[in-house]
Amino acid sequence: MKHVPVPHVSLITVIEVVAILVGAFSGFVEARRKRMDVVGVFTVAFITAFGGGTLRDILLDRRPLFWVLHQEYAILIFILALVAAPLMRTLRQILSERLIVVADAIGLGLFAVAGVSQAQAAHMPLFIASMMGVITGIFGGVLRDIVCNEVPMVFRDGKPYAICAFFGCWMYIGLQYTDVSDDFALWASAACITVLRLVTWKFELHLHYHKN
Amino acid sequence: MKHVPVPHVSLITVIEVVAILVGAFSGFVEARRKRMDVVGVFTVAFITAFGGGTLRDILLDRRPLFWVLHQEYAILIFILALVAAPLMRTLRQILSERLIVVADAIGLGLFAVAGVSQAQAAHMPLFIASMMGVITGIFGGVLRDIVCNEVPMVFRDGKPYAICAFFGCWMYIGLQYTDVSDDFALWASAACITVLRLVTWKFELHLHYHKN
Amino acid sequence: MKHVPVPHVSLITVIEVVAILVGAFSGFVEARRKRMDVVGVFTVAFITAFGGGTLRDILLDRRPLFWVLHQEYAILIFILALVAAPLMRTLRQILSERLIVVADAIGLGLFAVAGVSQAQAAHMPLFIASMMGVITGIFGGVLRDIVCNEVPMVFRDGKPYAICAFFGCWMYIGLQYTDVSDDFALWASAACITVLRLVTWKFELHLHYHKN
């Protein structure tokens, strides 16, 4: 398997935890909005945080799954679910929408680039690899919405969420044909997705079909 | 793995493309009915076209998946999704319901027979193999409806859609105990499913439980 | 793979059949409530009976699946689906709610303990193994509710269903650090889940978050 470089272990661990917590938090919010109990809150948070990567690994037939290797993340979400009700009241006071969007955009970039990199390590053709990157980035939220009995938000709000991930995946693929190091390609592409996402959020860009 | 015979490569490629396009088209229609954006339209079309076969391959633990081997189909659906809005207006004018039903019936036959054949190649027992055939034929639509937040149509409309596939799968299994070639068994069973489906459509046959 | 002991083959077969039939029965009920046809009734019953174990085996990458090894169970559910309408009218007269809850509690205990045992045989870390036990016990019902277009009952009714399974899974894990035999640990933990479930049902215990 292709080595996915981890230049700054402590930094990437921090970012990884942030990305997972942001995913879990969006699961908490949706599960509580549906008046779920503690079992539902834990499950939906877990699915939101890990669903995209798990679906990618099942499609690629990769094992062990990320959360099997790192059960500490599952335990962390479990503990958070136990204290979710008071936690969320506090979090909503502390966290501005801006902060959540920024953290989510960072998570999207990291998950998508990790996805395309691992798909290429599994010898996927290029277009499929870019799809795997997008799946890793967005399917946590898709599965969350399916379990919560909603049409997936990312399929209907017209915000270019998946499309930012898609462009970043192709940027990563494109950079492999240049002289830049794989490290640089990974970080630059993830950063590009994050910035694209934030710009399109800031300017409220929408992509809708013409009415027909 | 058992060799699945492909007697006329050009013909089977044409039929394959038609079957996939019909699946994708039904995904387009449903996604647009739910007012999805381009990401949703692509994803739902993709899931409708490939979901049944992908679920079968995950259950059988077969890799690579069909659409990984043939990324051109994923790219085709991607391009179609980009032009889906004007495309669908045109298509609806060109395509009669009759034409869509015929193409869909052909796809059902081919997918189901391919599914049972591959399940037998993976040494599934007979009843499970027939289930895998039906799964291949119908679960694209089932997953489409789940993602679109509907009770799957094929489970509630009482039309003998899955049942036609089921009969054809057992016809294929039965023909293996005769002297006919595997080629003939495949094509005859697929044709039988298509004809059964068209006949039950023409005469509006329904299978409902007695009221209780 | 770790040997899962089967001390009394005839007894465990009886219990297994009962657990599967109870799962299938709850699928029948939900599918009929949604006015599904015979295809839907069979599929939903099948998913309810085998969905939890199948999801666990996909996550663990174990094959062959239980229902592939035992196609007689699939055939049994198929036959029951064909006669579901008159069957259910009769069953509802014969079966009291009490009987169904008891049978379901037995099934929960057996499925959960089997799940954690098989996850440990696949070298899962302890917390993940306990999650696999709970998944085996509850995800049949979760998938049933998703296919039936409902928010999964087990995530929102506040009844400590999954939590009973979770405690029993940890009891099984804990007993491995004592001198008791693996056989005893399995049966005692399954019994503990069943009793816990029945006690919480009897006293209508609920676990809800404080309102917030």
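The letters A, B and C name the chains in turn, as written, and every chain counts its residues from 1.
Keep in mind that, in the parts below, a residue touches a chain if its C-beta (ideal position, glycine included) is under 8 Å from a C-beta of that chain, and two chains touch if they have at least 3 such contacts.
This is a predicted model, so every value here is computed, not measured.
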item	value
When chain B is superposed on chain C by its C-alpha atoms, the rotation angle in degrees, nearest 5	120
Chain copies touching (chain A, chain C) - same or different residues, decided at half shared	different
Approximate Å spacing (C-alpha centroids) for the pair chain A, chain C	31
Junction residues of chain B - those touching two or more other chains	58, 61, 146, 149
Interface residues, chain A side, partner chain B - complex	58-59, 61, 124-128, 131, 138, 142, 146, 149-152, 154-158, 161-163, 207-210, 212
In the complex, chain A residues that touch chain C	31-32, 34-41, 43-44, 54, 58, 61, 63, 65, 67-68, 71, 74-75, 78, 84-86, 88-89, 146-149
